[in-house]
Structure formats: C-alpha cells, structure tokens
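Structures follow.
You will see chain A twice below: alongside chain B first, and alongside chain C after that.
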Partner chain A sequence: MSRVLSVENLGIGFRSEGQDFTVVRDVSFSLEAGQTLALVGESGSGKSVTSLGIMGLLPPPPQSRTTGRIVLHGGDGDGDIELLGLPESRMRRLRGDRIAMIFQEPLTSLNPVHTIGDQIVEAIRSHRRVSRAKARTRAVELLEQVGIPDPQERLGTYPHELSGGMRQRIMIAIALALEPDILIADEPTTALDVTVQAQILDLLRRLQKDTGMAMLFITHDFGVVADIADRTIVMYAGQTVEEGRTETVLSDPLMPYTIGLMNAVPRLETAGLKLGDLKTIEGFVPDPAALPQGCSFHPRCAYMQEGLCDTSPPSIEDAGGGHMVRCKRWRQIGEGRET
Partner chain B sequence: MSMNTAPPAMAAKERRWITSRPVRRFVRHRLAIAGLVMISAIALLCVVGPWMLPHGMLDIHIRDRFSPPGSETYLLGTDAMGRDLAARLFMAGRVSLMVGIAAMVLSTFLGAVIGLVAGYFGKVIGTVLMRFTDAVLCFPQIFLLLVLAAFLEPNALMITIIIALTSWMEIARIVSAEIRSLRERDFVTAARVSGASHTWIMFRELLPNTIGPIIVAATLTVARAILIEAYVSFLGYGIQPPLPSWGNMLNNAQQFLDTAPWLAIVPGVAITLAVTSFNFIGDGLRDALDARSDLQ
Partner chain C sequence: MLRFLTYRLAHSLLLLFLVSVIGFMILHLAPGGPLSQFALSPGMSQAELEKIAERMGLNRPLPVQYLDWAARFVTADWGESFRDGRAVLDIIFGHLFATLLLILTSTILSVGLGTLVGVLGAMRRYSAYDYLATVGAMVALSIPTFWFGLVAIYVFSLRLGWLPSGNMYTIGDESFLDYAEHLIMPSVVLALVQVAIWSRYMRSSILDVVGQDFVRTARAKGLTRRRVLYVHILRNALIPMITLTGIQLPTLLSGALVTETVFTWPGIGRLFLDSLGYNDYPVVMGVLMFTAMFVLLGNLIADLLVAGVDPRVRLE
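Then we have the complex of A and B:
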C-alpha cells in the first residue's frame, strides 16, 4: 500500500472586510492508494475548504492564506510534488489528471449547453494528446464502467435529459477519465435519493477496487461513512477532533462531538417515537472570527467541566491504536461507557 | 444494475433541433416569422434584383428623369438624373444590409469579448472595463459618429467600423451580467477541478451559455446599425454617391420632396421594412430563447 497524499499541519484562513479568520487549523492526514478517508462534520466545520485547499482552488492571497504542507507522492517515479505554492499552470495540469473531484450537486455540475459526450471527450483531451475518435471510444468505455446503459447513444444527450443519479454517474465518469490517483468526493450523494445514494456508493467502491485510487470522502452522514470509509476524521471548527479506523470511531467514539453527531443520526428504534426524541446538538458551529476560549466545542458539550474545558484548548492525544482524540476528558468518557 | 431512467433519454435521441422548444416557440411567433419572410424577400431582391432589371443603377436617362413609379420600364420611377430607382434601391440595399450585418458581427464580437472578460474576472479588470463601457455609453452616439466620420474617409468599411465601435456597449453589459451569475455555478468549479484554463472556461464553458441573449441583442443591433447608417449617410457623412445607400438616397430626395415624393418614399419604406423586420425577429428570438427557462 503506498501513500499518495500527505497533508501536514494544514491551516487555511480568509480575509474579509479587513478581518482575518482561520477556518482550518492544524489538520494533518494522509491518503493511501486503494483506501478511503472520510472527513465528517457539520456545515462550517472546514471540511470542504480543506478539499478546495488541496485542489488549489482557494482565492489567491491576500484573500486567503494556506499554511502547512500538502504533498502529492509520485506514483511512477516522478517524485513528490509540494502542492502548496505550486504555480497555477502546473497545478492545472495535476487537476483532473492526478487529483479529480466530484461535487454535491450533480444537477448543476455539468454544463447545460454541451452534450455529455463532448464534456467527457474534452476532459480527456485537455490533458492527453489523443484523437477525438480515441477519446470517444474511451468515453463509451467510461460510461459503461459507471453503469450507464446504451453508452454509445448517451454520448449525444444533454445533461437536462438525465436524472440526478445518472448525472452523478457522468460526473464520476469525467472524474475517472484520466485514472486519477486521488478522488475527492465532496458530499457526492447528499442531493440524491436514498436508493440512488446506495447505488452511487456501490459504484464508487467498485471503481476504487478496480483502479486502486485513494478517496477523500467528505460527508456529514455517518451512514455513508460506515458504508465506505476505511478511516475517519471528525472535524469541528476547523480542527481534527477525532480520528481513527472507521469501526473504532463509530463503535467507540471518545470525543463528545462525535458522540453527539452519532446520536443525531435518526435510527429505526426512534422511528416509532415522537418527533422530540430526535436528538440534536444544541447550538451552532462557532463563528471562526470569535472562537470560544478553551475547547472550541465546550459551549455545546454535554460533558463540559468548568475550569477545565473552558480555560485552555485541548491537544490531540492517542487513545490507543492510532485512535486520536482532542478532548481533555476522553478517559472519563471512555470509562463511563465501560461500566 | 437496475437503471430506470432510460425512457426520457431514448426520446431525446429522436429529437432534432428543428423540433426543439426554442424553434417551435419561434415558429409560433407570427410577427417574427413575418419579419423573417420580409427580410429574406428584401435580401433576395437586393441580390438578384439588379440583374432582373433593364437598367443599371448608374445608367442616366435624362429624358426620363422624374418618371413616377410604374412608368414604362421603370418599376419604381427615376430620380433627378433619370437613373432607375429600383436598380438603385436594390444596390443600396446590398450596401445598407451589408453594413448593418457587418457592423453587428463586429460589435457583437467586441461586446461579447469585453463583457466576457469583465464578467469573468470581476474585481479590478471587470470594474475598469465596465466603467469604460459606461463612459462610451454616455457619449451621444450620433455626435461621436459624425466626428469620427469627419476625420476618416467615409466608405462602407469605415462606416461599418465606426458603427461597430459605437454600438458594442449594450452587448458587453448584457454578457457581463450573464457571466457574473454563470461563473458562480457548479459546472464552472467542476471545469476548474478538471484542470481547465481561464480561457477555456470563458470561451467553452461560459460563452455558449449566453448565446441566447447575444443572438437577441445582435439581431436588434442589425436594425439599429441600418438606421444609423441611413442617418449618417443622409447627413452626407456616410456612403458617398454615386454608390447608393438607403440613407444617401433619402438625402438626394429631400430637395424634390414636393415634386417627386416617391424618391423619398421608396427608400424610406425600404428602411422601415428592414428595420421593423429585424426588430420583430429580435422579439421573436427573445421569446423563443428566454434564457432563464432553458438554462437548467
């Protein structure tokens, strides 16, 4: 298993109306070929910004600034590439080729005025010197691969003639056209029906097995996480608050935020109960310009201990076997569960 | 793998552009079709007309001067020098329509590129370009035209260029406004993510999405360019005799308005017909291509 991407101490900040604020703080992780890493968190926790940072798609300084290191490890002897500070022209060649991305909104991610065949062909030809005919053959292959029936005929259709699930398949086909090492999937199933959602997840898993690409999967849905991720990072207010193998994080969460998120997932057992039984985490993600003192989660935390959690920020600690937790009280929380 | 989405796409395969929704809507627009028929007829007459007539546009028949329309071999009568008015009208039509269409092509190109760049980059570049556009727009177009025409040699090419240089602003503003909303859409981000360059995104991804409003504005620009050409030529700064244009035919006619009114009426009607036809087509296209309903 080889490492394809390392992110070290990533920090991302924005400047707006003369005020600086940090939205991602000290995030580190790595992606392995054939493995899936899930980034989980509420809206505003910094997970999408992280993915845009990796793609080099954040607005240029001084509107945003990125610190730390993002290293793309060379697959076939072309060495490691430091993505931060890479000139735009070189970054552009990597985008779509080595790192591809799919989005939440398949309905609007395709250009309405070009046929899907053209869009796939152009995605290929923007990076490879191949003939139109060859690119078309590849496009048919790709559509077949993502499970679209009659691929030959579909090449001539426009996006509005296809359903949401179909369009997401097309997006996946475009993303996979150049066999990238890394696929970043930013909530790719959120806008889809549950049944279609399952199909798309199946498809991504199958494609990952076939191509050996690494996936960075951004979501707020623990059901999806359990389904697809090998490792999971839970983010809150721009920081990693819990990280580990997906089974460990899901079955034995130690950070109160993760516990809260898991409780907020609607379950079959609660389905018969009245609406008020659906648990939520009180409050909102803090404004990045005005983070609370101490642990940034303490104002919403059920396990908050005065004088401990609201004084100094917790550091991330290993709770055993690479299960990382950012909470001063993880031991008590873990013990509480044992008894 | 069970996919139940086949039927709509199958139907789509059969669809041709001729039966597409915008085309159907355009065909149902009666005035637009009338305009299209009219313009086609005028263009056809201007192209083949001069060959069908017995007299050339420069042939002088002094004895037949001021023949009223319908007399002998002069379909629309003759002018003060006894030249066949029909032959001159058709030749003038060639000039006027050519100037109108060429000016439209040029100004549309100019306006689209400026609007595209301004809308896409926004910030400083966009502000500078759009303020420049506003500044040009503040200039009274006719005076600008007359000043330019006074300094430059007034031939058809120059007139075309001058008209184009003074009428690209509307298209620039339309395109820039469209692009500013389009550039925030997900397919632009998707294009960037797949490694597309700015030029590619502007010309391949964004511009085709504004083609509806551009076509409408361009059609209306033809009508306006024809009017402006007529206006400038009427004032004597445009197309110079003996080459006829609808505008300078009117100029020649004004001193004989009471004795030979057809000299003014004939080119006047031609201008009116051509301009209203283009306007009708423009309206029809606007309804047919209504950008908002078809973009999704």
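Then we have the complex of A and C:
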C-alpha cells in the first residue's frame, strides 16, 4: 500500500473585514492508494475548507492563509511535491489530473450552457495533448464506466436534461477522466435520494477498486461512513477530535462529540451504548473568531467536568492501535461503557 | 417556435396599434397645428385657411383622419410631408443611414468598453479601480447627454480645434476619414451613458456567475484562469446582457435624438424634432411608428438570440 498524500499540521485561516480567524487547526492525516478516508463533522467544522485547501482552491492570500504541509507523493519515479506555496500554473496542472474533486450539488455543478461531452472533453484536453475525436472516444468510455446508458448520444445533451443522480455520475466521469491518484468527494450523495445515494456509493467503491485511487470522503452521515470508509476522522471546530479505523471509531467512540453525532443518526443502533436519551447535540459549532477556553466542545458536552475541560485544551492521545482521541476524559468514558 | 413567433407578432401588432392611436391623439390634441403658421401670413383669409385645411384633410373628424392614415399606413403608404410633399418613407430612409451609423458605432463602443470595465470591476471587486469605475458610472449616469455634448464641443472643437463640432461630413470631402472624424464626438457622447449602464450590469452579472458551483467545478478540473473566465464565466454572464441590449434600445434611441440635435447630425432623431416643430404630422407619425417597430424587432431578435445561446430557454 503506498501513501499518495500527506497532510501535516494543516492550518487554514481567513481574513474578513480586517479580522483574522482560524477555521482549520493542526490537522494531520495521510491518504493511501486504494483506501478511503472519511472526514466527518457538522457544517462549519472545517472539513470542506480542508478539501479546498488541498485542491488549492481557497481564495489567494491575504484573504486566506494556509500553514503546515501538504505533500503529494510521486508514483513512479516522480518526486514528492509540496503543494502549499506551489505556483498557480503548476498547481493547475495537478488539479483534475492527479487530484480530482466532486461536489455536493450535482444540479448546479455543471455548466448549463455547455454539453456534457464538451465538459468532459475540456477536462481531458486541458491536461493532455490529444485530438478532439480521441478525447470524445475517451468521454464515451468514461460515461459507460459510470453507468450512463447510450453514452454516445449523451455527449450532446445539456445538464438540465439529466436527473441529479445522472449529473453526479457525469461529475464522477469528469473527475475520473485523467485517472487521478486522489479523488476528493465533498458530500457527493447528500443532495440525492436515498436509493440514488446507494447507487453512487456503489459506483465510487467499484471505481476505486478498478483504479486504485485514494478517496477523501467528506460527509456528516455515519451511515455513509460505515458504508465506504476504511479510516475515519471526526472534526470539530477545525480540529481532529477522533481518528481511527472506521470499525473502531463507530463501535467504540471515545470522544463525546463523536458519540453525540452518532446518536443524532436515527438509523443507528444506539441501545447498547447506554447513553440515556441524548439524541441531539445542544448548541452550535462555535464561532471560529470566539472559541471557548479549554476544550472547544465543552459547552455542548454531556461529559463536561468543571475545572478540567474548561481550563486548558486537551491534546490528542492514542487510545490504543492508532485510535486517536482529543478528550481528557476518554478513559472514564471508555470504562463507563465496559461496565 | 412557430407558436412563439405567432404570439410575438400578434403582441407586436397590438402594441403598434396602441402606439399609433396614442401618438395620433397627443399630436392632434396639442395646441397649434399645421395651420398656425399659415394663419400668421399677412393677408391670409379664413376662407383660404379652410381651403388649405381641406387639402390637408385636417377638416375632417379625428377618427376619420386616423382611419384614413391607418388604412394607408398598412399598405406601406405612410403619407407625404406637409413641408415638402415628399413621401414619408423616403424621408425616413434618407435619414436612416446617419442614425444607424451613430447608434451602431456607439453600441459597439459601449458594449466593448462596458464589458471590459464591468469584467475588471468584478474580477477586482472592492479594489480602488472598482470604486473608481462605480463612481465614474454614477457620474456618467447623472450628466445629461446634451450638457456633456456641449462641453465636448466647447473643449474639442472650440478650444482645442481637434474635432468638427457637427454634421456627418464636410461637403466636398466625404472621405472615410472625414466621416470618422465627425463620428467620434457624437458616438462617444451617446455611448457614455450606455457604457455606464453596461458596466454596472456586466459587473453584477459576472459576480452572480463567479459564485456559482460550476465555476468551482471548472477550476477543480484544472482549467487555466483564462479558460475559466472566457468559456465558463463570460459565456454565462453575457446571456442576460443580450436581453439588456434589447431593453435598452428605447434609451439608446432617445439618447440619439438628443445627440443628433446637439451635433446637428442628420439622423432620424433630429428629423423627428424638426418635424415636431413644423407640426409635420405625417413625418412625426412615420418616425414614431418606425422607431416603435425598430424597438419591437430589436427585442424579438434579442429573445431569439438568448434562445440560441442558452439551451435551457425554450421558446413557447
């Protein structure tokens, strides 16, 4: 298994109306070929910003500033490439080629005035010197691969003539056009019907098996996480609060925020967790300009202990086997579950 | 498509009918009239005046006059000028070239410049340039065209002597350069307001499009900045501008009327004002109907163009 991307101590901040605030703090993870990493969290937890930071699609400084390291590891003989600080012209060549991305809103993510075919061909031809005809042949191949019927005829259709699920398939076809090492999927199924959602997840899993690409899958849905991810990172207020193998995180969550999130999923079996009737997490994700003192989750936490959680911020600790937790009380929480 | 065209044709005919009725009424209800200038001639008797009125058909009841005019109008006989007896259509076509030359030049100027100013403003939002463009547009919109025209004549013709102060060409010269020299000031003056309008609309249209998801997709595909701007942003932002051009036609024509008057440009606008002054009813009605048809046709073409470039639009 080879490592394709390393993110180390990533920090992302924005400047708005003369005020600086940090939305991603000290996030580290890596992506392995053929594996899927899920980033989970509520809106505002910094997961989408993290993905845009990797793509180099954040507004340029001084509107935003990114610190830390993002390294794209070369496959065959290419050296490692440090993505942060890479000139736009070089970053552009990697975007869509080595790292591709699909988005949450399939209905608005395609340009309404260009045909499906043109939008796929354009992606291919902006990275490879191939003829229009050759690119179109490849486009038909891609449409077939993502399960679009009559691919040849579909090339000439416009986005508005297709359903949401179909459009997300087109987006996936565009993303896969150049066989990227990494696919970032930012809530790709959130806007779709449940049945279509399952189809798209199946498709992504199959394509990953065929191409061996690494996936960074952003979602707030633990059902999806269980379905697709090998490893899971839970983010809160711009920080990693829990990380580990998906089975471990889902079956043995130790950070109260993860527990709260899972209890908020109506489908999930929560009876064995003995968590009383906690169903939703009270309150909101804190304003990044005014984070609470101590643990940033303590004002909403059911396990909060005064004098401990509201004084100094917790550091991230290994709870065994690479299961990382950012909580001072994870031992008590774990023990409480045993008995 | 056929249904759309039929509907639009019926719609346009109704509008033209209303324009003609209202125009005819206002013209005839206004004090004075074609006879007033004859009445001032020394030795003019009442009997002679009545004879003139009878010859012009002005002694009949207004509805009869209207129906007579309308019946001739639909057979492409737009009547004869009270002033010189020439056919109205001939007179209009005689002035058409000058007006078309003026509004076409100034439209090309304003679309080109307005797009540029708007795009730059949107790309560098809230920059010093953007504020300058915003203030400039406000100033341009608040200066009356005639005032700006007079100042331009004062500066560039009287003080600096760079450009001719009026007319379309120098008699005896009439070379391309001579036409161009005469065209500069009136077309720039006429374009000024249009540039202001275009740049404002263009800026907000671009900002609308820039925030759309498909632009993010285009960038995520690794397209060059240039390609994202031209193929994805501009292509979408220009669609509402086509409609705007159609809607702006009346503004453009009334601007042309003022500009032509200030620069003694021999176009339809000045013909209209002159004819009004002479109470030349047939010519005034002719110009009115002609411009109304021009505006309606322009808007129809704009709608067809939008349908041509935006696959989501279906003409029903």
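Please note the rule applied: the second predicted complex is superposed on the first by the 328 of 339 C-alpha atoms of A that agree within 3 Å, B and C clash if a C-alpha of one lies under 4 Å from a C-alpha of the other, contacts with A are read in each partner's own complex, and residues count from 1 in each chain.
Here is the rule we use: a residue touches a chain if its C-beta (ideal position, glycine included) is under 8 Å from a C-beta of that chain, and two chains touch if they have at least 3 such contacts.
Not measured: the values here are computed from a predicted model.
Novice: With the two complexes overlaid on their shared chain, look at chain A and say whether chain B and chain C clash or fit.
Specialist: Taken together on chain A, chain C would clash with chain B, as the superposition shows.
Novice: Output check: A:224 vs chain B and chain C. Expected answer is one of first, second, both, neither. What do you get?
Specialist: neither
Novice: Contacts for A:163 in the overlay, against chain B (first) and chain C (second): which applies, first, second, both or neither?
Specialist: Touch partner of A:163: chain B, not chain C.
Novice: Is A:101 touching anything from chain B or chain C once the two structures are fitted on A? First, second, both or neither.
Specialist: Touch partners of A:101: chain B and chain C.
Novice: Please work out whether A:285 is in contact with chain B alone, chain C alone, both, or neither, and reply first, second, both or neither.
Specialist: Touch status of A:285: no partner.
Novice: In the superposed arrangement, does A:149 touch chain B (first), chain C (second), both or neither?
Specialist: In the superposed model, A:149 contacts chain B only, not chain C.
Novice: Quick one: chain B or chain C, who's touching more of chain A?
Specialist: B
Novice: After the superposition on A, what does A:110 contact: first (chain B), second (chain C), both or neither?
Specialist: After superposing on A, A:110 lies in contact with both chain B and chain C.
Novice: With the two complexes superposed on chain A, say which partner A:123 touches: chain B (first), chain C (second), both, or neither.
Specialist: It touches chain B and chain C both.
Novice: Stretches 6-14, 24-32, 42-50 or 60-68 of chain B: which one clashes with chain C?
Specialist: Of the stretches 6-14, 24-32, 42-50 or 60-68 of chain B, only 24-32 runs into chain C after superposition.
Novice: Identify the overlap between the chain B-contacting and the chain C-contacting residues of chain A.
Specialist: The overlap between the chain B and chain C interfaces on chain A comprises residues 55, 57, 92-97, 100-101, 103, 105, 108-114, 122-123, 126-127, 158, 160, 171, 174.
Novice: Enumerate the contact residues on chain C facing chain A in the complex.
Specialist: Contact set of chain C toward chain A: 212-214, 216-225, 227, 231-232, 235-236, 239, 309-312.
Novice: Under the stated contact criterion, what part of chain B meets chain A in this complex?
Specialist: Touch list, chain B to chain A: 1, 3, 5-6, 8-10, 12-13, 185-187, 189-197, 200, 204-205, 208-209, 211, 295-296.
Novice: Name, in rising order, each residue of chain A that touches chain C in their complex.
Specialist: Checking each residue of chain A against chain C gives 55, 57, 88, 92-97, 100-101, 103, 105, 108-114, 122-123, 126-127, 158, 160, 171, 174.
Novice: If we count contacts the way the header does, which residues on chain A are in touch with chain B in the complex?
Specialist: Where chain A meets chain B, its residues are 55, 57, 92-97, 100-101, 103, 105, 108-114, 122-123, 126-127, 147-150, 153-154, 156-158, 160-163, 165-166, 171, 174-175, 199.
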